[in-house]
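One chain, subunit A, appears in both complexes that follow, with subunit B as partner in the first and subunit C in the second.
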Partner chain A sequence: MRLALAVVSLVVLIGSGVVVYDQFHSRWEDNQKAYFNQALELAKTPAERASVAAQTPKIEQTIVTAFGTTRIDRCESCHIAVDDPRFTSAKQPLHTHPYSEAMGDVPKNGRWERRHKFTDFGCTSCHDGQGRGLEKADAHGEEEFWPDPMLGYTTQSNWKKDIAAHVQGKDYMQANCAQCHTSKDFAGTPLVSQGRELFFKTGCYGCHRIEGVSSGTLGPDLTEVGKERKLDYLWGHIVNPRDYTATSIMPKFKLSDDDKKALVVFLKSRRGSSLSESSVESYRLTTTNVTPAMPGTTTLAGMAPVLAPAARGEKLIGDLACMSCHKLGDRDGGISPDLSYEGLMRDQPWLMDHFRTPRSRVPDSNMPAFGLPEEDFQAITTYLLTRTTPPPAMSAADAYKNLCSRCHGEKGDGRGINAIYLDPAPRDLTSAEFMVNKPDARFVASIHDGVGGTSMPAWGKSLNDDQIKGVLDYVYQAFVKEPRHQLKARKVPEQNPVPQSAASDAHGEAIFMERCTGCHGRKADGHGPNSLDISPRPRNLRNAAFMQRVSDHRLFESVEYGVEGTAMPSWMDYGLSQSDVGDIVNYIRSLNQTGK
Partner chain B sequence: MGAAPKTNKQGEEQIPRRHFLAWLSGVGILGSAMAGVFSTFVFMKPRATYGQPNRFRIGRPDEFPSGARMAIDSKRVCIVREGNKVAAISTTCTHLGCIVAPSATGFQCPCHGSQFDVDGNVTGGPAPKALSWYQVTLTPSGELEVDKDNEIQTGTYLSV
Partner chain C sequence: MSKETSSRFKVLMDLPMNIWRSIFRNPLPSSDRGRAATSFTNFFLHIQPVRVSRQALRPSYTMGLGLISFFLFVILTVTGVLLMFYYVPSTGMAYDRMLDLRSSVAFGVILRNMHRWAAHAMVAVVFLHMCRVFFTGSYKPPREFNWLVGVALFLLTLLSSFTGYLLPWDQLAFWAITVGTSIAGYAPFVGKTIKFILLGDATVGQEALLRFYVLHVVVLPLVLTLTVAVHFWRIRKDGGLAKPEPEAALPAPQVEVMVTEAVPELVPAAASASVAPARKFTIQGLVRGPLVKVGKLEEDTVFSWPNLLIAEMVVLLITVVGVMAVSYFFNAPLEQPVNVMHPPNPAKAPWYFLGLQEQVSYSAFWGGIGIPGIELLLLILLPYFDRGKAGVGRWFARERILANSVFLLFVIINIILIVIGTFFRGANWQFVSPF
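== the complex of A and B ==
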């Protein structure tokens, strides 16, 4: 018993000794002592030596109140030599902060005078990090919970390895310079300017809003993104948005590493506090080359030549970087549909409506409403309508490869390069179960007239009937690889036998809510809880442009007999009568009535 | 288990094992208690406070021309330069803590009329003692640094 007590008490003594030592012995004290020793050796006069010798280690802190919130920076507790020019070649932490004329430091009487004095600016206003921290990991913000790790210097433990290497370097500090130096072309922050330009050039502004800069609504507001996100997230999210948000519709843009870096720095500088910004309007002024009239000079000389609408449209398409998503001729953004034959596929009202509100024509489109002036839309439409040169005659295999594979995929599996951005997704042509039993007429119609409410355009003016037939045959031969067969005759009414009425709609809605919402969703928009696990995805039954072109016959057949090759079951087997189906069809039709 | 002291062959008294253990336990427990009390008392005195630091830089000597008497009210200190000699005199009145203003004859307190000469010695009014002088040093970067924790004798200048 006594032996145990003695052992325990000694262990407690050692333990408390370790704790006391740990609490009262700090790295910053060691660093300061090392600095004092070296300073003592470097001291030239007895007075200087005496003043160094009189110093004892203590917490050095700068209280900065000039920049928004009060900062308390204790960085100089370790980095005590930052303002001592004799330590330029010393190792960190006892290293002199570099002097640089680019930062406004000026040499005076053989000594540098700083533009940004540490007593006025502190350290974290430029570097970020945790100013109060006295341990290295805390102060540099290496802990993953700390929102502002030292910009470009510190990597947090939970950062992905491949990203961490890209977000190193002092260049990232430009994001903090831009907190005060907000003017558009400030020489000290070239990356911010480059990133801002890219924000317009790659069309980011179309989806994202930044207060005072852009007004997109499709994507998240980025006004304060620099405050909310760290470098690794910004970088990784640009590289592949779906690594972070599985359901993100943000495209993967083709950007070089330099461009990504500039964008990350620009985004990191968005902290919601900048005072002046360049807006979409001023960016457009630069693209149209209209120099704002200087007072006292004639305006005519500076005016851009008035272009014909089509030529102006072509120029606008280039200036507005439409091809960072779309394909036009040789330039291909790999995200959105090919515009090369647009004049053969769409007409003036379709294009104008689509420009004003893309989702009025393709309800699940990810194209932003760019909100340009009406005459710009008209100019671009005029230009696109001149794209009427049909593709040259070629073999069916080449026609598929050149015209279809961008969406439907080289292997016909519906996974072309831009397939993930299209909703509804391109049809998987290798799904024999779906393909073999549909009548030719339906596929020919889909190719010839396009599919309303989707990205499938009408090829009727670009390909003649023989070519369409040829492509269809090629699809069957190359992808379906199974013989076509006619289904047994089905008893399906041509017209809905149940007349439209409030009672019928209500009954249809009741059945729909009971049986269909698992996949098609309570709003019938195809986003039911099971929809993510189903391929092809359940149809959005509120896609009016699509639904208006679907006959009652096809709806009845799909509900009663199911759709082969999809998850849609045969509801006759689950006890739905023909009048029930009629009610459901009436309900779905009632959802898509326009002008209601 | 008897507790009587044992003797070895030579007849010397041995410390009984259990007494030794009890002594050892005592040392352990008392020692950790003392460490605890010690650290508690040390923690009572904060190592850093949130006031403005008492040691601060005021700029380069050439910012203060000879003959200048420049009061920095936010730091409550007056920088005096005569020739190549620099000193820092407190501007906190020793009477009730108002900020004294430099005047033609030295310093003048606006609250109760205390008067000081150019070196801060009391020449009139209710002030009980002279204004303090603080140590001024030249940092390696060439700036003057005032240490308000370090009072020095009136009339001690730093040569620059």
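== the complex of A and C ==
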């Protein structure tokens, strides 16, 4: 036992020694000693030499009280030569902080005088990082949980490699310059200005709110996004939103790397309250009603008398970057519907309503309601209504490729480039079971008149009946690949035989809640618990624009006989009588009468 | 003059020795009486008996598990108090303080690591200690009540660890506590109330953080310390550690008889002691009277000084070394700061409650409240039903094969549930393979 005691005591002693040594052996002391040695060699006068020799390593710290919360920056414990002009060619950490006239440094009597003195500003005001850290990894914020790694210098270990490569470089520090230099056209922060322009140009402002800048509500508020997120998240989320948030509805915009960089810098500069703003100023900002300050709005207003509405609308479409999402001619954002033949597909009231509130016409649309002045909407509408040149005559295959495949996909599988942004999703034309069991007339009508409440437009004015027939034949031949069935006549009433009444609605609701909510959801919005596993997705029965154009005949047929090629079963087989179905139809109709 | 000087000089010369003697009344013992006196007169040693049986000293018998639990508690108290100098129980600052501990506080990393790992270790060791007591049949009369105190200590240990789990205010903490308190909410009638009282709110937030903090640093340690004191005191009063039957059979009933006799005698003895402190050994005789009959000194015992003391020191140092070594090489976990909108999938309770969470995934009430409640009730009632004298003081005694098997099954099932909950459960609590 005594031997054990002796051994364990020794181990405890050594262990404690290791821990204490670990704690008190510091790299910054070595760096300072190296600096003193070099300074001693560089010293010219004996007095200077004596003063250098008298120095011993100690923690150098700057306490900054002038900006927001107090900062304690100990960076100079390692970077001790930052203000010693003799070390401009030395290696880090003993490197002189560059002098720059652009940043306001001025040469005086053969020496530079800094505009941003370290004693006033510290280091982390511009660079971020962890001011109090005395180990490199701590001070530079390399640890993955540190919220502010050194901007543009430090990438954290959990950042994706391909993203980390993009978010390096001193340009990113402009985000911190903009904390004090808040004016929009400040020369030192060109990327922030560019990012702000892009924020409007690419339509970000339509969905996102930034206090004092924009007031969108569809996406998250970005007022403090620079404080909450790091560069890798901002970059990665712009490149592909779904990588970071699986359920994100944000589109994947096509942006050049320079544009991404500018946007990231602009967003990183959004840190809520700016350090230099007084609280009164920020209060004024929160209380003023923000109308988006579009770049060039004033010039557009000024040119109104000069330009005809159509021309002004065309210019607005360009300036507002509608083609970040939409397709118009050969410019394609790859997210939203093609506007090239809009004049043949929509009319004035539809376009105006849709501009004011997109969801009034397409209830599940992801287009934000841009709060533009009414005359701008009118101008754009006027311009779009001039787009009446039908597509040139071409073969059915080409027509499908040019007009249909953007949504329905090259292979007709309903997975075109913009399909994930459309709700309801484009029909999968390869689903033979669905396609062969529907009458031709229905498909012709869908193409000719469009499908209400969805992104399927009416092609009746762009294509003649033969062309429509040709496209439909092409679809059957290329994608369905099965002969059309000879449809049996089904016993389905043309009109709902059950008259609308409160009792009928209530009975219909009771059956609906019991039988239908698993897929269509308790709100009948198509988002029932099973809906995620079903393709095509259950119909949103609250899509009034769609429901009002569907006949009783079709509703009865769908409920009684089911829909082939979908998860909708034949409810006759499950014991629903004709009057039950009538009650359900009445109930669903009653859901869609609001607003009439 | 010279005489006065020399006497003053002598006072000065004797000063260090006088101070030393005033603190340590006995010189290092060289005789048996001296060894007895050392144990008896020292504040820190008098909690121990003067003589201790060889059986209790054998490492293979106790494995030092009770002592290790206590020393872990001491380590936790010391490191915990030091951490309190830096910690702020505020949702806005707590996580920042964690980052500070990891980077700019001297010894911050090792302190936090030691506190965290010692806390996990204590839960495990206290449980193992309970297993040891069961498998050696040490809970049998007259030690039934001390078993109860032990069960209370186990629960207090779990609670202390659980309340501490929230304090870093990271994702791990927040969601583990959310899950843990939800399990408490399944209790019938009082569940919702208990949850509300614990959290001070409908969800985990500032109020919960403050409540858990106060429970963790004041209430629970205080109760735990008191209960530990009772636990130790009862060990002495119940006749030391449990011994195999031949020895345990005789003194056990005598203990209770003699204690009642000794109480009235104690008062005059104490009074006479203050008059004549030189006759300390008579008090020793009086107090020891009830435990060991004069002339019937227990066989196979040795003096506590130095045998027991050295053994205890070794256990203490091994515990310290173990905790320090683990803390030096492994950092205590810290995750992203709390994000109320993004629960990790799956959100898991602390590991010692993962068995519970696994059971809850089958049935909320039975898994979270019903079965654990029954298990706890059985643990409490155990010593009052299993009163046979056979097999006390021996590991896995043949006479206790039924009881030991049942308990072993209970232990294994719980460990398996914890292992499944920890390693085999992925997103949406689906079964996944960790390999």
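By our rule, the second predicted complex is superposed on the first by the 548 of 596 C-alpha atoms of A that agree within 3 Å, B and C clash if a C-alpha of one lies under 4 Å from a C-alpha of the other, contacts with A are read in each partner's own complex, and residues count from 1 in each chain.
Just so we're on the same page, a residue touches a chain if its C-beta (ideal position, glycine included) is under 8 Å from a C-beta of that chain, and two chains touch if they have at least 3 such contacts.
As the structure is a prediction and not an experimental result, all values here were calculated from the model.
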Which of subunit B and subunit C A:K58 touches, first, second, both or neither: first
Touched partner set for A:M352, first subunit B, second subunit C, both or neither: neither
First, second, both or neither for A:P85, with subunit B first and subunit C second: first
Touched partner set for A:M103, first subunit B, second subunit C, both or neither: neither
First, second, both or neither for A:Q23, with subunit B first and subunit C second: both
First, second, both or neither for A:M394, with subunit B first and subunit C second: neither
Per-residue touch tally on subunit A - higher for subunit B or for subunit C: B
Which superposed partner A:A478 touches (first subunit B, second subunit C, both, neither): neither
Which superposed partner A:V492 touches (first subunit B, second subunit C, both, neither): neither
Subunit B versus subunit C as contact partner of A:G133, first or second or both or neither: second
Overlap of subunit C and subunit B interfaces on subunit A (superposed complexes): 2, 5, 8-9, 11-12, 15-16, 19, 23
Subunit C-facing residues of subunit A, complex: 1-2, 4-5, 8-9, 11-12, 15-16, 18-19, 23, 130, 132-135, 138, 143, 145-147
Complex contact set, residues of subunit B against subunit A: 18, 21-22, 24-29, 31-32, 35-36, 38-39, 42, 47-48, 50, 52-53, 56-57, 60, 62, 135, 137-143, 150, 158
Footprint of subunit A on subunit C - complex, ascending: 99-100, 102-104, 106-107, 110, 307, 310-311, 313-314, 317-318, 320-321, 324-325, 328, 334-337
Residue ranges of subunit A touching subunit B (in the complex, touch as defined): 2-3, 5-6, 8-13, 15-17, 19-20, 23-24, 39, 42, 47-48, 51, 54, 58-63, 72, 74, 83-86, 108-109, 111-113, 117, 119
